[in-house]
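Please go over the structures that come below.
Two complexes are shown next, each including chain A; its partner changes from chain B in the first to chain C in the second.
The block that comes next holds the complex of A and B.
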């Protein structure tokens, strides 16, 4: 028995010596190669950097897709004082944008959204009054036996505005990200985004997914042009971290805000119930329809312009 | 260049920050982001600022009550509910039938007290085959 342990120790000893020598040998080879071919061990580093800067130039806003189709119809560049007024009152800049944006409701969403359909989809139910957010009281019709009830006339107005925005972004080839952290609806959201060729994020949000892409993904990526939140709260009742990140990167956000949600930092609000499957299904159906309409219009314009 | 945009999200909403870049000459009008034109033509209905106080802030929420709520409450206090009510169905529930009948009875006997009207309505429903227990 003792003899056996002795042999074991001896063999371990020799094995370690062998390992150390082998590693040293590898280093030697590497040093030799480096001396002879200095470029070999850092392949196309220069090229990669060039590509990264090139992508970076168009990354933050994906401006490559921005104004090109409309350039012909854009009358001119607004002067300083117009821009100054426009900072407060954006509609002042309306003469400087394309003809398709001069319509009030190009895709006819006023006809698509019905209050009775929203009522049947249970969009009007809020949470208990104890959980109400002070900044959501504007959207409430009242409180029935301790439960908040939304005014669907207000909801319709806001929903039409948001659908119009999404459709026009899709028409300009924009990328729309669907976000939720609600586990009941995550698969519906993923499916809906896939159906219209857009993107979704329904799992745990890693901080920096929008703000620190280079570190997280190892390359510069194109950020979404709009983010659609189907529920703005996490399961802990905290604001979704992506809202702040999108605001930092100046990405417009569309948020379905329930009576207990915080509308801060969101660009377009839709006051409605975000918990019931019927309600989320209705909202997803509307947004899919809006994106489809935008994409069809884009296709139509491209075919018309190609002739 | 667009990457000069400030990430201090509280310094202004997304539109004013991008417009600020254009005004300062850091961003060309032609290089404006994709959503910018759409935002101009249909800006959000409520200001997208993080610290804005939207209407009815700090105001009490209006309670929603109907005239028949009192009568319905009295109905269910007196007679136990016999079955669940299906909200989607077009059939009128027993309590709704009672309320409809009560209104009729009230229009016929203007001078009767609420207790008498309640009794009368119960009698009327019993005659029509709706037994209330």
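The block that comes next holds the complex of A and C.
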């Protein structure tokens, strides 16, 4: 019995020594890191960076910080020095952007998109909590019965932005490629794309379709100007290969991202349910409407310009 | 094919800056770079083909002069003959031999697409790379959904024809081959895609209620007999004819077995009579011979339905022999004769009664027996037999 207590004491003693050494070691590492990267260990470093990015974005796109309009009157094309400056500070190029692009919501989609309609179309349903992607948490309202629920106010804001973008592309005669790999919605997507005279791809994605057209088609062709993903995941739960290809070719992408999707490499996000027939039908209807609006605007401008 | 007017496209694209920027020559190049490259390549290709065509025409004139022919007489066959004569080649591979053909046949083709005036490619599925076959697959998918819906709505109701709720009737036909489908859609695609399309078709055809899509399905079917002919070894299944006098269907085919050639005519709506060089069935004393002659009728279960008329001859007798030799006076073997007649009969029965083609083929009656009497060798008493070795 005595022997056993003796062993116990000895082991406790060693354990304490080990603990003390370990804590000392941690401090040592921290000190080293602090010397190397003074910014890194500050607790609010991440937060500050996020705020700085947000302010930067606000400056770039808000009308409050718009550069003075007198520069625009001098010439419509930026000179070389302005372009060089623009690589660092994009805001200096703002006066050269056309007036229609300065508008936040040119096509007035704020009136078209309603939260209660989105709610009825079941856009707020996500997947089970266990499958949630870390980068999608910002769009969530919370959870109910173990299922993620999207904040439809956020969704509306992003949907309006995406619809405006699509309408602008259509207004300029752009090509929009509708992509999905969901078997339940593929025929609807093809039909929708055909109705508005755009393109669709709902089949197996041959790698290089966007990056290597010359080899695959025998000639270089005009690529789509925007790619719209109705679901960004393949049936295996991986990102659709077209996302990376579009990013490589700097083609802007619009993606309906569910709670389990990865929003990386997508330009315009729409946090919403992408599996339910009602929700896909609603989203397709909205995008068809946006493209139609853009096309009508284009027709109007062409007729006006021809006179 | 290519309908692009640069001026029109530049006007169309100028909407990019509708109000702020006026249209001037300094505006950024409106036409896409890809389209520009395509146009350039296309023009280059046209120029190159023009040059080669001119060269071919010059060469043709020279060749006509060399062969002392009129230029109008020198068609492609004459060119081939002339080249063969001027450049005799012992190379075994025909592709390695010298040729002179129009450049459009020889040179690689330039892929042409149809664009609209803004350089947008035609077709909503253009970026799938196989727009036609994927379009067909989508069509099948949509039809599958509609058939299922139709069946669910109408099963048990009396408002629709009962036959419409059955699967489509596709007996006696098969799906068209990959090559034919490629020709039909005028598009190249992989075998995997063809297999996928066939799976989709099979699924649609198996659904109850697919009878409403019978017309669509039969567009991609072909009659089965048309293809079995190519699969058979030996003569193909003959075509059915109609006798002008008796107005009865008949089929006629010539085949052979060993040294016996038989021309067999099988006439429908008969009484099961046999006439083989004037002999009837009971004139064959060997029971095996009678069994052999009746075999096609037994397998197709048509005993007593067809009349068989056959004439036989010996193949060796009709061979061209040396003129100073006497013609051979041989007759075919007694066991080969019924077998030759059996093969001919089976082919004709398959023609007149297509349902029995598959059983006849499986029992091997539609396959030619190519075996021949082996020739005897020099210094040997027979084909294989040797003289007895004897110590001298």
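Everything below uses one rule, namely that the second predicted complex is superposed on the first by the 216 of 307 C-alpha atoms of A that agree within 3 Å, B and C clash if a C-alpha of one lies under 4 Å from a C-alpha of the other, contacts with A are read in each partner's own complex, and residues count from 1 in each chain.
Following the convention adopted for this analysis, a contact is a pair of C-beta atoms (placed from the backbone, for glycine too) under 8 Å apart; a residue touches a chain by one contact, two chains touch by 3 or more.
Please read these numbers as outputs of a predicted model, since none were measured by experiment.
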Which of chain B and chain C A:77 touches, first, second, both or neither: both
First, second, both or neither for A:140, with chain B first and chain C second: first
Partner chain in contact with A:236 - chain B first, chain C second, else both or neither: neither
Partner chain in contact with A:91 - chain B first, chain C second, else both or neither: first
Touching partner for A:129 - first (chain B), second (chain C), both, neither: first
Winner by number of chain A residues touched, once chain B and chain C are compared: B
Contacts of A:172 with chain B and chain C, given as first, second, both or neither: both
Which of chain B and chain C A:201 touches, first, second, both or neither: second
Which of chain B and chain C A:224 touches, first, second, both or neither: second
Contact residues of chain A, present in both the chain B and the chain C interface: 77, 98, 172-173
For the chain A and chain B complex, residues of the former touching the latter: 56-57, 59-63, 65-67, 70-71, 77-78, 80, 83-84, 86-88, 90-91, 93-94, 96-98, 101-102, 129, 132, 134-138, 140-144, 148-149, 157-158, 161, 164-165, 168-169, 172-174, 211, 225-226, 244, 247-252, 263-269
Chain C-touching residues of chain A, taken from the complex the two chains share: 72, 76-77, 98-100, 171-173, 175, 177, 186-187, 190, 193-194, 197-203, 206, 209-210, 213, 216-224, 298, 301-302, 305
Of chain B, residues touching chain A in the complex: 1-3, 5, 7, 9, 13-20, 22-23, 29-46, 48, 50-59, 61-64
Residue ranges of chain C in contact with chain A within the complex: 12-22, 26, 32, 34-35, 37-38, 41-42, 110-111, 113, 115, 118-121, 124-129, 134, 137-138, 141-142, 145
